[in-house]
Amino acid sequence: MNIYDIIFYLFAAITLVSGFFVVSTKNIVHAGFYLLFTLFGVAGLYVLLGADFIAIVQLLVYVGGILILLLFGVMLTNKITSVDLRSGTSYIIPAVIGVGILWGALTAVLFKTSWRSKAPSGMDPTTSEIGRLLITDYVLVFELLGILLLVALIGAASIARRDKE
Amino acid sequence: MLGFPILTLLTFIPVLGMIVVLLLPNDRAKEIKYTSLLATGLQVVLAIVLMMNYNFNAGGVYDESSFQFIEKFRWIEIPGISWLGTVKIDYFLGVDGLSTPMVLLTAIISFIATLSSWNISNSVKGYFALFLLLDTGMMGVFVALDFFLFYVFWELMLLPMYFLIGIWGGPRKEYAAIKFFIYTLFGSVFMLLVMIGLYFSAQETLVDGSKVFTFNLLALMDQSNYTADGILSPFNPNNIRFIAYIALFAGFAIKIPMFPFHTWLPDAHVEAPTPISVILAGVLLKMGTYGILRISYPIFPEITRDLMWYIALFGMINIIYGALCAMAQKDFKKLIAYSSVSHMGYVLLGMASLSTTGINGAILQMFNHGTITAMLFLIVGVIYDRSHTRGLDDFGGLATQMPVYTGFVTIAFFAAIGLPGLSGWVSEALVFVGAFGVDIIRVLTMISALGILLGAAYMLWTLQRIFLGKLNEKWNQLADLDKREYAMLVPLAVIIIFLGIYPSAMLDIMNTSVNSLVDFLSNGSANFTLSGL
Amino acid sequence: MQEITFLQLSITVLFLPLLSFLIVILYGKKFPKLYLLETGSIILGFALSVLLMIFKISQQLNNTLSFNMTWIDFGNVPMLGHLKIELGIMLDNVTVLMLFVVYLISMLVHIFSLEYMRGDRLYNRYFAYLGLFTFSMLGIVLTDNLLMMYIFWELVGLSSYLLIGFWYEKKSASDAGKKAFIVNRVGDIGFFLGILIIFSAYNTFSFAKVFEQIGMGVLPFDSGAWLTAAGILIFMGAVGKSAQFPLHVWLPDAMEGPTPVSALIHAATMVAAGVYLVTRVFVMLTADAMLIIAVVGAFTSFVAATIALTQNDIKKVLAYSTVSQLGYMIMSLGVGAYAFAFFHLVTHAFFKACLFLGSGSVIHAMHHEQDIRNMGGLRKKLPITYLTFLISTLAISGVPLTSGFLSKDGILAGTLAFGSLTGHWLIPAFGFIVALMTAFYMFRLVIVTFHGVPKNKEKFDHAHESPFVMVMPLVVLSALSLFIWYTPLPHAPDAGWFISDWVKTPQTVVPENLRFDFMKSSAPGEINGEVVHSASYTEALHHAHYPAMALSLIVAGLGILLAFLMYQWKKIDPDLVAGKVKPLYDFSLNKWYIDEFYDAAVIKFTLKFSGFLAWFDNTIIDGIVNVSAVITRLASKIVDLFDIYIVDGFVNFSAFISGFIGLSFRRMQTGKVQTYLVFVVFSILILLIIINPF
Amino acid sequence: MDLTNLYYSLRLILPEVIVSVALLIIVIADLILHRDKKSIPYIALTGMLAALAFMITDLAQQGFAFIPSKSQHMFGMVAVDAFGTFFKILIIISSVFIVFFSNSSLEIQKVSDRIGEYYTLIYGMILGMMFMISASDLILIYLSIELLSLSSYVLAGFTKLRDRNSEASLKYIIYGAVSSGIMLFGISILYGISGTTNLMALNKFFQSPELNLLTLSFSLILIFAGIGYKISAAPFHFWTPDVYEGAPIAITAYLSVASKAAGFALLIRFIRTSFVAVVDAQGNWILFDFFDWRSLLIIISILTMTLGNFSALWQNNLKRMLAYSSIAHAGYILLGLAVLSVHGLIAIMVYFLIYLLMNLGAFFIVMLIADKSGSENIDDYSGLGYTSPLLGVALSIFLISLTGIPPTAGFIAKLYLFIALVDANMIAVAVIALLNTVVSLYYYVRVLKHMYLTKPSASTSSVRAVGINYAVVLILTIPVILFGLYFTPILEFVKNCISILSI
Amino acid sequence: MIEVGLTHFLIVSSALFSFGIYGIITRKNAVMVLMGIELILNAANINFVAFSRYLNLGLSGQVAALFVIILAAAEAAIALAIVLNIYKTFDHVNVDEIEKLKE
């Protein structure tokens, strides 16, 4: 077991344990923080997979953006003074059964599959290559994403803003 | 032939009338009524013109050249979609001996029903618009020679009928209307499926020699047109013609209505307003039997031959069952409705014989039942208008109060009973003559003859309960017939008596065609002999 | 006179009453005197028919004239060739005689009715109906084919219905009309089926053509049994119309109609139509068919006679006696005594019409009292009526010098001959017993009505002889009940022109193996110009003649004596006798309980059954069939009948399932998005299992 | 990717470019026109008509756009073909109608100060749908679905007027996000198996003998769950009734027609390009045998139509009833796809064309009535046929057409569907579909019953719409009748549009 | 323990995916449901990146992951806007209590 493996298990553990707590803790704020660890762990996994740029983006966008957004969401949708930040649960039994089977099936399937994996090459920096791809092969997706962000922006603003009455 | 498209005019004059009616303002009830009367009147005139120019020696049925007043235009033509080749649907109208009596019947009954609609008072405009649309649908069914066109006309009537029962009907009108609608649609979806199946199984050769799939009924009757692998092709060893036949037959049987699909009929009749009952019984029921003769028989002759016993069986059940049910009714209209079930059984029985006399009798019975039942429903309408009740036991002794009315009732009742000299008897007799001649259905025919007895029993009982005996003092204010009611009843009575004495007037029209049909049905099967009677 | 003139004349004679009927029925309201037109046309028709008869018998005695036209032409029918249905008329001696009889009685009844029905609200319509009846009856008489026979058969039924129920405000009258029509229909179905057999086999309705083909050995469906069946089925028509057992029940009830109608229709003419029908198809009856006919006739006459013994309504007695006499005629045909059957038909028509009109006169005089127990002593008040009534009674009882003696004697001789040839002795036995009873109950009627002391003084005092127009028909008819019109010798029916010249037994056409032995056509014999079947039959008849005469005289005398002993001289107390054989008496009084039996077994059952079917139709069929009932349930929901059906317990399995489907679909839509997601997860899993690639 | 490729590609996706530009113009116009935003709908309309014009003139255009530079095959991310153009035209046409709908809609008028945002989002939807239709790369597909979805999430709750708008929006986004997440997960697995996200390349890959069948099926089902959600096929339909009921009617109509059409186009293209091994002479699609699409589609479609119809029976809210009815129609259309032949394709396209007219028409009238009476409840339709005759008649026509009774266009749609089914010998399925049609009659006719068979009550409003609304109603009604009687134009049009770009 | 390979990453991703679904179904609070969605997206992303590396597919997987991350952000923004809107109208954000539209 080399250092790579140890690091993997570490990140995998962080990801899964915190991921588990995200969905099982009662306290919403705690869940937010667990999510932070999960996202962080995933970023770590990205690094292990040689995706340095993605890892950075993960940290920037997820941790820096989405998570903050979610926490804002938590704050804005709870009366901090009156309610303890707890959230109930529902459908535990069907969820456990369904998700359990799903997980089992998924794992079984993924295990049984003989992936045509090749030995991974070395870890080259990916940033410049990704940048090049974004404006060549993926230029359409890239541009479309731009429009999507614009639309999302307008949409979110439109729906969230307080109407003047 | 005539210099103008008489069948198109016959079919679409009501639509023109409907447009005029729709353009008239709501409050011009009188004008609306006269417009409808004019439209249906014109139809009668055209029908008479058609009769006068009719060639009695042309067979029709499966032979396009001997159809009359043909109008054939390409309606839909879409060249070359995928491997299907050209899709074409014709606007194909024509009449022969099977349809001409029905065209006449439709024209006459529509006219009389218009007259009987005179005292409709709410939503006059809507009523007559729908009524005229219904008229077009009915007429169209009887003149269409393209399956697709036939189907369109067939379905065209559903909606007007639904509204006419549903809006202007009796207390349970909504139930009756939806029941009618669902039943009929249920039947027609199967018809649709068979239609599509047939479409894929036969190819018509066009003038230019190309072969296209077709809805043309006459092309579908010609077995040489069928492809080798069509699902309804006789050449395909795995064909499902039998199932298709049953499905198609069920579609028509619901309309007839054949036991056990008949339960919509009493409800629809009882709830419908009088003119609509007249139309329903007078024309609509005939569409089922007409469809069988026009489509099921010639397209599936071999299955028809195999199943004739069963058709006769259902005919017999209809006759007996309908009569027994009628006997137990306490509502005048319901009784007449069940008597319709019984009388349509004779049509089935006659058709099942696959013989000239039997089928002639069946078609004549269709016509006669149309006029007789129309008259019966008008009679119910007259009494209901005056007394607002239809309970058989509420009346008594009306013969004293309304002698002329009673006279008409007597004519209609005895026609329904099958008294010689009145039209109903001739057709029933021919049906029996035809059916009795076929050995395999002879026993069924003999049992069916009980219907003659039962018919007399319930009709006379009804006559007694309503008209004979001491006058129920409650009704000593009832007036006898007025002019409009005379105008409705006299023509029907005249037709009934005239055809009773001189049935050839109608039989000559259909005779050649029926002979062709019988000939066509009996061809090509060595181990099967028809009595031919 | 040209042949064509005969036919034109007969067609005129046929349609004359119809024309007047139409005019009277349409304009009767406006012109109250139109009944005179009707009566006039009948008188004219009578004159013409007399003319016709005279010319026919004088000029064309042995010819059959016929005329027909195509009614329906089916063209060239596949496998059959040219098929058409023809209607036509036929004139032979029997026809013209019947024409005369019908017209004569019809005319007399018209005249009688002028007075009898005076003051009735629907006076004109009554005469119109009589016209319609006359027309229909003439149609039966004139037709040359079975189809037309059936048509007029039914029309006769219609006019009978109308006339029986003429006083429709009386429930009993309208009931009786209905009963007559429906009971007749039972017979008619048989008749119709018989016609169908004939047509199916020979493709024609014409008597002549059918007989021709049978004569050539063509059998229906290649089987003698079918020919027998055809004969019996056609005879069923006669059973209905001629009121034979077991369909005789309508005739007594038909007495609810006006009495002249009873005379015309239910005594003289219409009921004889059945006999007439059998004479028409006589030549195609097989041995089996004839035997059945004979037995039915004999039994009917017996049953009716036993019932007539105890009836107290004057018209009911006459009605049962009619049934009994019709049974005689039928029996006579059954045993092959064709000519005597027809002879009896004619003689019976006259004397029975006379009896009925006489009873009408009595009833008229007694102000519509019909119970003989309330009469008595009327002979003084109604001398002419009494006299004519008595003559007719003597005729029906078979007393010498009357026409009845002649015809009855012939029939009895026929039965004796039949018994001797075939060993069926029961039939003549019935014949003689009935003769005894007939004499007895007829004289009982005469004695109780006209002799003795009046039971109802008040009515008696008001009674007086009827006016001329009513009495005249009685006189005419009673005169016709004397022997002289038929034969010169009072003891020999076959000596006269009627039997020997006019009415000849036709030669049967049935294949030899289906005939009675004595009808095998080896050597037709002849006595006094009468040709009957074969030499052996002729001989048997000859031998039977005098025994029959003697026996019938004895039984008639016995019957009359008994009647006088019991009712005139009161030597025997009728009540005592009745008490002694109480069950038998009740049995007779209640008409063998046949009506009760029909009521319970047929009518009640049919009504119950139809009620059940209607219920069945409403609930079960409607339920099951309604598009797998799924839709019924849903439709009913839509029309808010849902609850009703549930309350009715009308829940069937498929409806339940369908409702369940709809509801469970609905239940899935909880509105909670997470529920939906649970479903999604499970759906994915299920799909994974369904679309498993392994 | 060199510049010629880019120019070439841009020319191919010119309609999309026009739509994008129009979107930007609207955003800018919204900013400029601060006070009076009345002109924005017209700008939106102009953009749509421009795109429509381009598409109609260039119907026959086809080719791959955005071909990766290092690709061995010439498979691009976008496949432009007549089939796609057909659906895009449908989308644009329905969008045009939605502009009119929105202009007439009371709900939308109340938020007229945000009308610029509204149309921006509509355009977002259009763009998403257009790319959904022609995308031939799973990443682009996912992205376009997301673009469509994000816009429609907002639009579903756009008016914020009532609880139900917000609720619809929330349910929609949760359901949608999960579905697309599942789909994405499926895509990622498929990517792992095949090493590509391009549909054509997938087809090539499937031709290889070694496949991990189980994994493949798993991923396909996960992907199907995502598409199934878009076309609201059971059992992925649950959001549909709730969202349709909650959203503004104009948006509901749009979702039920355009969004569904895009989803179907996507599904068809997905199956046609990736899974069809060969098309035989009869036009039947012979699929690779590792995944039984036909059975899956038949099961799903029967489930969908049955569930849609039976649930619709119980609805009292007309909008909700129409939602279920649109589910049922999705079932019928899926059946057309299950035929897996050119004929089925024709049936689907004919169906959609007609479905567009009749469904939009029905929703439009329901909207007009709801605006007036404030209720979509069927009880409030009592006697409406008398108080508002024209609308009543038109609604009847649309509903009858939805049932599929001649002589309305709906019958032609059904006819072609059944023609396809019978031709493929799928009789039993056809019978089930026909029985479903009979069931559907109940709830459609129930509306007619309320409109005509019951007398107007006090709560029945008399709807007197303005001229433009009548015009819209007529524009939708007349073709429904006309195409029922003479459907050559539809078929001619569809006939020209059945080519799908594939290898 | 065997050497870390593709399968390990897939196990992590599938677990994460399952957690995500579980969270979405069970949590009442809308924001927590959103967190679940993020977990699913992350799971997919891990797949993309892992496949991209182990199957030697170049950077296409990474680019896909990049797009997904951006998309997730946009989605989160809109989702939160909607949740805020819900909070304004319903005064709470409990998903299972928002059930007025049903049946």
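All chains are identified by letter, namely A, B, C, D and E, in their written order; residue positions are counted from 1 within each chain.
Basically, a contact is a pair of C-beta atoms (placed from the backbone, for glycine too) under 8 Å apart; a residue touches a chain by one contact, two chains touch by 3 or more.
Owing to the predicted nature of the structure, the values given are computational and were not obtained by experimental measurement.
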item: Chains touching both subunit C and subunit E, listed by label; value: A, D
item: Those chains which touch subunit E and also touch subunit B; value: C, D
item: Selected pair, greater C-beta contact count between A-C and C-D; value: C-D
item: Of all other chains, the one whose Cα centre sits farthest from subunit E; value: C
item: Identity of the chain that, by mean CA position, is farthest from subunit D; value: C
item: Chain at the geometric heart of the assembly (C-alpha centres); value: B
item: Distance from the mean Cα position of subunit E to that of subunit A, given in whole angstrom; value: 6
item: Whole-Å gap between the CA centroids of subunit D and subunit E; value: 27
item: Chain centre separation in whole Å, for subunit D relative to subunit A (CA means); value: 31
item: Subunit B and subunit D, separation of their C-alpha mean positions in angstrom; value: 43
item: Touching two or more other chains - residue numbers and ranges from subunit D; value: 139, 143, 146, 150, 153-154, 157, 160, 169-171, 174, 178, 182, 189, 192, 195, 214, 218, 241-242, 314, 438, 442, 449
item: Subunit B residues counted as touching two or more neighbouring chains; value: 174, 178, 182, 186
item: Residues of subunit C whose C-beta touches two or more other chains; value: 627, 631, 635, 638, 666, 669, 671-675, 677-678, 681, 684, 688
item: Pairs of chains satisfying the touch condition; value: A-C, A-D, A-E, B-C, B-D, C-D, C-E, D-E
item: Subunit C to subunit E touching residues, read off their complex; value: 666, 669-674, 677-678, 681
item: Subunit A residues within the subunit E interface of the complex; value: 1-2, 4-5, 8-9, 12, 15-16, 19-20, 22-23, 28, 31-32, 35, 38-39, 42, 45-46, 49-51, 53-54, 57-58, 61-62, 65-66, 69-70, 72-74, 76-78, 87-92, 94-96, 98-100, 102-103, 106-107, 110-111, 115-118, 120-121, 126, 129-130, 133-134, 138, 141, 145, 148-149, 152-153, 155-157, 159-160
item: Of subunit C, residues touching subunit A in the complex; value: 672, 674-675, 678, 681-682, 684-685, 688
item: List of subunit D residues in touch with subunit C within their complex; value: 170-171, 174-175, 178-179, 182, 213-214, 216-218, 221-222, 224-225, 235-236, 238-239, 241-242, 290-292, 295-296, 299, 306-307, 310-311, 313-314, 438-439, 442, 446, 449
item: Touching residues (chain side subunit E, partner subunit D) in the complex; value: 10, 13, 17, 20-21, 24, 30, 33-34, 37, 40-41, 43-45, 47-48, 50-51, 55, 57, 60-61, 63-64, 67-68, 71, 74-75, 78-79, 81-83, 85-86, 88-90, 95, 98, 100-103
